[in-house]
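Consider the two complexes below, in which chain A is the common component and chain B and chain C are the respective partners.
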Partner chain A sequence: MNVLTYPGSRLTRSNASLMSGAATISIPSALGTRSSGTSDERVVPQPETLELRLFNALAGAKIWTAQVARHLDRAARDRYFHQLDVLHDPDEWFGTDKPVSLESYKGFIRFMLMLGGNSKPALALSPRGTLLAVWRAQDARLTIEFLTSARVRWLVAQPVGEEVERTAGDAGLDRLLALLKPYSPEKWFGST
Partner chain B sequence: MSGQPYAKPPIIEVVVEFRFADPLKNAVFKKLVRRLRAPYPSRVEQHTRQAQIDFQNAQADFTDPVPQTVLTSNDEADRLTVRPDMVIWSRLAPYDGWDAFYPRIERDLQVAHEAIGFRKFSRLGLRTINRIDVPFDTDLLARYEDYFTINITAPWEALDHYHWRVERKDPKDGITTIMQSGTVQPEVPNTAAFLLDIDVITDAVPNKIDEILEKLSYLRGIKNSLFEAAITDKARATFA
Partner chain C sequence: MAAPRGEVPDDDHLMLYVPAGRLAHDVDLDTYVLTSAAFELREDDDGGLSTTWVEHYGPRSIATYGKAASAFRASLPTKRIGAKAIFAIGNAGSARRACASYGKNIRVVPAPEGPNTGHVEIRRFSDDDQRLLDMLANDVFKEHVKVAVLELT
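After this line comes the complex of A and B, so read on.
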């Protein structure tokens, strides 16, 4: 029986080509490099202008999305891309801000895959390049900052009587839905 | 030409490579890029270098930089890479099937033909990279052997990672096929992820555009047969 143990989560690189020097080199792919044992071909890094930095971050996020595209609703994918494009408008950019971190974007997409459904959060970008997603239901607001692909910071703000009560946390992405349960998250996400 | 048989195909990238028998001179290369770029809103000019490492003598040789232009759609899914030695079309997921991808190749080839005349090709290749996400069972094992017909039989009950690659040149038609599979970073919660990567390559490329496109269609038939032979009905059910 051949099975994979959980979590089994490390990217492996082709190593069979190291053992077969005469192997044919694969056709170049946008998702990887071409290599055959002792020979390797890479793009020569260019000096980064602001436009190139923003383009590379956006392109990296969009190219990565191909990995999970078949699990994403097409309209949702297009909406996320549009939101990312708007957040990276070079004319509105502050020089010291960082473009979206791929790891943060992965965390956001993983969370949306976990949710399923069709909720439509607003997106914002921190100066550090982490994505923030905001859900509103009447006066109750949930903000999640995707620190990495696996870690989040969250803030619930909701009115209780005349006051606004705020609760915040820092957690692993896998635990987030359980932690939000006392706040009736279906008002933001719909049924998950 | 048939359409896409699956509603949610596992293809994360399909790539078609045309390699020139003789690399284009710089002026011709630039002319080709100028003529091909109109339908692609995004353009990135790059250079690539190859490195050859001689471990025995502790030396590394780098080739001169080779220019390449990557033309893409706004969503980065439709891509055309133009180099002096090859032209590469690719489509990232979501993949809408051959009937959506192929007309772009046909169109760009026609434009290239009008721009720089017919060029002899030394290699024609088709590659598809498929990603299959296998859910973990309640016992936290991902039973990938239920999804793939080609498997490594290892002496352990469970593995952390695997990778295999097989290559064959058909003695009858001279077509080389490479199949690879391995574990990759899981991105979908509660799943393990596996690649099934299929290259089909020929070095015997006809000298007429319509015959070249027929050959490409032939390569696609081989690729499809290999893919279907490598997966189980349980895998197919997840593409519906």
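After this line comes the complex of A and C, so read on.
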């Protein structure tokens, strides 16, 4: 069995197969390999290079997703993985920005599972590694920042006459849908 | 409201570097949205929000954006900016007015940083109000130019 070992986790061919197609974990070449006797084990060196930091964050998110995969349809999962890959391109990485926090990502997935349906938010990362999801419908925008797996900041911006009305708040994830109800969130989420 | 002495004039413009990861990507439409994340302070933004003064490098044009972007890049320890990143450009007076509408009396102060002699810090700025950050992203820093189209020297 081929085994990839990296700090804090272990990815085998059996669970790696959960991440096929567009949703693979690609191993940065900078990580190097080591042969161990007759086994095909590869060990990632410890120094925390940028590539390793990004790899660890992405792998953590993807492995956790594999654990909850039965709740997600494959197209949605592949889409989230692709979005994460785009956000963590090492060639585009800047300064001291942090890769995605697993807790923030869990909050995002929890919320998408709560929504059900097929809404497809755009995703961004804050410098602190929290995930922001943006929904747009005509000129009305909803932005949700997943601070942790259970807490969010949200912002609704929508035109009212010549003005743009902005409302923001922070809340527990479980309360978010109730708080958004006055803004007719179905325009962003479809029917939930 | 006129710019205080020693600050960037209201009619002039500021360029903000936005790495690709801070843009909200719609992977289906291959488009992006500038979000509040672009205006969140980084660990090393100890003097304020870091921007570059466009008119310091010449009249506003794509060529001047290229000069300003080159100076910004040269001031970075890595000397690297991402090809998929953008510069968001906004008017200094509009930035002042937007911040004032949320009770923040910002200072838009030239603060040369190595080769980036047009470096500007937006001081007395904090990123705690999502409404202000959204206003900056959508109503002030409305002009975007992709790094990939700039001529960098």
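The rule we apply is simple: the second predicted complex is superposed on the first by the 147 of 192 C-alpha atoms of A that agree within 3 Å, B and C clash if a C-alpha of one lies under 4 Å from a C-alpha of the other, contacts with A are read in each partner's own complex, and residues count from 1 in each chain.
Convention: a residue touches a chain if its C-beta (ideal position, glycine included) is under 8 Å from a C-beta of that chain, and two chains touch if they have at least 3 such contacts.
Since we're looking at a predicted model, the values are computed, not measured.
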Chain B or chain C, by number of chain A residues touched: B
Touching partner for A:L155 - first (chain B), second (chain C), both, neither: second
Touched partner set for A:A75, first chain B, second chain C, both or neither: neither
Which superposed partner A:F94 touches (first chain B, second chain C, both, neither): second
Touching partner for A:R166 - first (chain B), second (chain C), both, neither: second
First, second, both or neither for A:M114, with chain B first and chain C second: first
Touching partner for A:L125 - first (chain B), second (chain C), both, neither: second
Touched partner set for A:Q83, first chain B, second chain C, both or neither: second
On chain A, positions contacted by chain B and by chain C: none
Touching residues on chain A, where the partner in the complex is chain B: 1-12, 14-17, 20, 23-24, 26-31, 38-44, 46, 55, 59, 62-63, 65-71, 74, 77-78, 81, 85, 106, 109-110, 113-114, 174
Partner chain A, residues of chain C touching it in the complex: 17, 19-28, 31-33, 35-37, 40-44, 76, 78, 81-85, 129-131, 134-135, 138-139
Residue numbers on chain B that touch chain A, as the complex places them: 8-10, 12-13, 15-17, 42, 44, 46-55, 65, 68, 72, 74-77, 79, 81, 86, 88, 90, 92-94, 125-127, 129, 131, 133-134, 136, 140-145, 151-154, 157-165, 167, 176, 178, 180, 182-189, 192, 197, 199, 201
Touching residues on chain A, where the partner in the complex is chain C: 79, 82-83, 86-89, 91-97, 120-128, 132-134, 136, 141, 143, 145, 153, 155, 157, 164, 166-168
